[in-house]
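Given below, in the form of structure tokens, are the structures.
Same chain, two partners: chain A is paired with chain B first, then with chain C.
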Partner chain A sequence: MNVKEKIELILKHIRTAEEREEVEGAITVLRESRYHESGSFDIGEILREKVSRKIASIFQEVIASDEYRKDSATSEIFFSELEKSVRAMRPLSITLAVEPDEKTIERASSWVTREVGKDIYLVFKRDGRVLGGAELVFAGRYRDFSLAWRLETFFWARKEDVRSMIHPS
Partner chain B sequence: MIFDFKEYLNRTGEIGFVSKTVSSLIFVEGLPGATLHEVVVFESGDIGEVIALSSSVVSVLSFSKDPVRVGMRVARIGKNLQIPVGERLFGKVINPLGRSIDPGRPVPSGTEFRAIRKSPPGIIDRAIISEQCETGMALIDLLMPIGKGQRELVLGDQKTGKSMVLMRTLLSQVTQGAVGIYAVIGKGKIAIKQVEETLTNFGILDRVITVVTSADDGPGMMYATPYSAMTIAEYFRDVGRNVVLVLDDLSTHARIVREIALLGKRFPGRNSYPGDIFYTHASLLERAGNFSGKNGPVSITCLPVAETVQGDMTGYIITNLMSMTDGHLYFDHLLFAEGRRPAVDVFLSVTRVGRQTQTPLRLEIGRTVIPFLRKAADFRNFASFGSELGPHIKDVLEKEERLNEFFDQTVYHTIPGNLQLILFGFAWGEIWRGKTRMEVRIEIQKLVYSYASDVALRKRMDAYISRCDSIESLLTGLQQFDFSKK
Partner chain C sequence: MTFDFLNSPLGFFIASSIVIFILFLSFRFLSRRLFFPGQRIGAPEVPPAGGGEIIRKAEEEALRITEDSHKQASEILQHATALNDRVEKELTHALEERIRTETARLSELTQRLVGQFESSFSETKIDLAGEIQKMSSVYAGKVREDVDKILHELEDEAKKNRDAVIRSLEEIRVETQQEIASYIEIRKNYSSELQKMYASIVQESRGGIDGFLRKLDEEIQSRDKTLADLFRELTSAAEKEVAEYKASRFQRVDDAIFRIVMFVSREVLGKTLSPEDHQELIIRALEDAKREGFFTVENKK
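Presenting the complex of A and B:
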């Protein structure tokens, strides 16, 4: 695999802001560990102390243990490119009334990747006032698909009916 | 106007997040469709104006004193800042957003609103300045006349009587039917109160609109004050009324512009002012002038004020303002200390378009008296050596004293134009020759009282003045004029 393919493979697994943060953390840890005392050297072992098992296994998949340590210049290029690509990812903020489960995250992420682009990650926020549906924010644009807004506009459009019901005169 | 954040958020479909705040300057990420000078509303309900755009950040000038927290959401309104205009503002003291600062006197609701940002009208819409804007002060009306539609800078140190002259000008013009607008920019609350009280004492508060920001208001509000005042002036111009607009003072406004620019990390120019400070003021002042209206010319006469320090007229902002206005009235602190009211130094003052509005008599007076006063000043310097003075020099110095007594308006707020000419004739001619200052003062008092109280006498005096076209004809007739009551 060349550098570009490795990066794409890692980015494919970044779905949410938390995962993105973990990948950034993994990059920092791996960068620093190149200069540790030699001994038995296992990337997975190094990463497992800092990041989740899932992220650690992704990095193990694309990077051989000795490869990045021996060739410092090539590995630095790889990490720089990876870091640049991760930082260039754009956030899509989704505000929900409840915490999304893994199935919801996967569905949302795959839809976004398929329909919008691969360089987007999801930022899930929780706000009970939404009641249902979602509020979306992306690149400064805002769309309110929440149940709260629907109800508000529904009743506002019918305020005369409500008024005449309360005051029949 | 109340802005519903949620409504605008859904209407425009764009959102921003506050990423940084520096005093009143808010940096917002997002809002991809924001335009310059557009109004944005914060989640808290406060509003701000977009003052700069970059690829990643929108700079917003907040109009609120309350701090804006990082992370707060921001929505676009889709419009530039608009303020209420119309006759409902008469007698009200309002802030630059058009809201009354006195809860007991709210601004009635209305339908007319105007954007405060506007390009100045072009050449085609303008008319030659042909009518005099009487201030009611003889020194100015005769020697440094102002025309309707002129932009005359009022400059001088603090406490040199500038505000009183401005108030009297408003009194003179408002009683003749013009609309008065007084903009107070960043002054103490006590000064604002004094303005309101003076207008009340003059009896013209109900025909004047006061737009104020105090020193503790945010830079955003102070920045918008002259623009709001000019917008209100333009409304009345468009409905066919002459307007007198006072901007007190633009040197404070320049300091606020500098503060905002430095907070926004704009590259500082001369004296740390932003490079476009000239444009900021010029584009504002160019909105005033004399314009062709449907029923004849209508004017916005603008009197911007600038404060000097120890009489220094060579400062950056002062010279900028002098170059973009049609003249200036310089208030000398030394003349003020001597007791002269108004303390206008006619040698350092300029009027570029005022003289074309004068009658031949008034024109001749200005052209005769100023060189005379200059000559008298030279003689006075000569007399300070203590040597024996010849009769000619004594005559000149005595006449100068009579003229100074005539020009002194400590007591009288305004003197009507025709009465000014009558009094000048007495002061300049032989009738009052040999009288002491006190005697001259008493004579002036008698004539002012007679003119105000005797309608028939006033008509005769007005008719007499209308027949005079030179100083000679004025003086000749005065000898025989009968000032007794009929």
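Presenting the complex of A and C:
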């Protein structure tokens, strides 16, 4: 697995803004640890207290080989590229009516990675007024696909029908 | 001498005629001053204001003057005739009295002459009585001739005076008739002028009144039209405002009901959605976004 494949693997696990921040945090922690603790570089030990278990396991899976423990130049290139790729990821803001659960996050992220691109992470926001569906903000553009908007559109499109129901002849 | 003349019948007649003539002239002067105050005799006659009333009064006054003139003329004629008769009677009486006086005087003279002749010529044998009688007859005839001559002269004089009076009266009558004709002519002129003035005034007034009424009608119609237009505009505007207000209120009520329906729908929908429903709606939102090119444009960049 070369560096690119490893980076893609890590990016693949970055679904949300929080996970992205964790990855960035992990990169920072690992870089600092590498410089201070030369010779002994236990990723699992370092990350266990700093990032989530999930992120820690990803990094352990990708950079478990000794070359990243001893060869600082190689590890620097890797972290540098990884950081660059993480920072290059584009956010997709999704406002929901409810707090997204893991299943929802996974399903949405999979769809975005598959249909839009692998360099996108989701920024979930909550607003009960949307009722359902989502309000999307991407690359500076906004679009309302919420249930509230659909409901309003539906009512306005059938306003006369609604009125005829209000004023039955 | 003057008193004797006035006491004589002829003097009385002449004096009476003069007095009547002076009275007539005074009456004429006064009548002109009365009917045409302020108008100089001979000045052009201009119809005064209120000419109709004046004409009517002038006509009545002229008729009254005519009747008075005729009456006075008749009285004068009667008086003249009576005066003539009286003069004739008094002349006859005077002549008879004079004849008697003269006869008596002649008889006395004759007796005195007879006495003188008797005393002077008593001795003669002339038939003086016959002579005297003869002379008396001759003298009486002469006297009678003189008296007749005087009577004829007096009669001629009276006749002349009577003719003069009659002529004067005739002249007065003619002049009065001329005055009356003049009055009538003036009345006609006044009447004609008044008719013209009246017609002109009536025509002008009618024209003015007609024009005024026409203008008034036009003004009223214009004002009516303006008011009707204004009323129509106001009514239309008011109706429009009422309709708009009603529509606005209905719209607001409808909107309120509409929003209530939406609100209820949202509340009901929001509370009845399951987590799976939310997932489906999120995926559907992403699919719709992709279908509308929400992501595509950015990818091309």
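Rule of thumb we're sticking to: the second predicted complex is superposed on the first by the 142 of 169 C-alpha atoms of A that agree within 3 Å, B and C clash if a C-alpha of one lies under 4 Å from a C-alpha of the other, contacts with A are read in each partner's own complex, and residues count from 1 in each chain.
In this text, a contact is a pair of C-beta atoms (placed from the backbone, for glycine too) under 8 Å apart; a residue touches a chain by one contact, two chains touch by 3 or more.
All values derive from a computational prediction rather than experimental measurement.
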{"item": "Residue contacts with chain A in the superposition, chain B compared against chain C", "value": "C"}
{"item": "First (chain B), second (chain C), both or neither touched by A:131", "value": "second"}
{"item": "Contacts of A:139 with chain B and chain C, given as first, second, both or neither", "value": "both"}
{"item": "Touched partner set for A:114, first chain B, second chain C, both or neither", "value": "neither"}
{"item": "Touched partner set for A:87, first chain B, second chain C, both or neither", "value": "neither"}
{"item": "Footprint overlap on chain A, comparing chain B with chain C", "value": "139, 141, 143"}
{"item": "Chain C partner contacts - residues on chain A that touch it in the complex", "value": "90, 94, 96-98, 100-101, 103-104, 107-108, 111-112, 115-117, 128, 131-134, 136, 138-139, 141, 143, 145-148, 151-152, 155, 159, 162-163, 166"}
{"item": "Interface residues, chain C side, partner chain A - complex", "value": "254, 257-258, 261-262, 265-266, 269-270, 273, 275, 277-279, 281-290, 292, 294-295, 298-299, 301"}
{"item": "Parts of chain A lying in touch with chain B, wherever the complex brings them together", "value": "137, 139-144, 149"}
{"item": "Residues of chain B defined as touching chain A within the complex", "value": "6, 9-10, 12-16, 29-33, 75"}
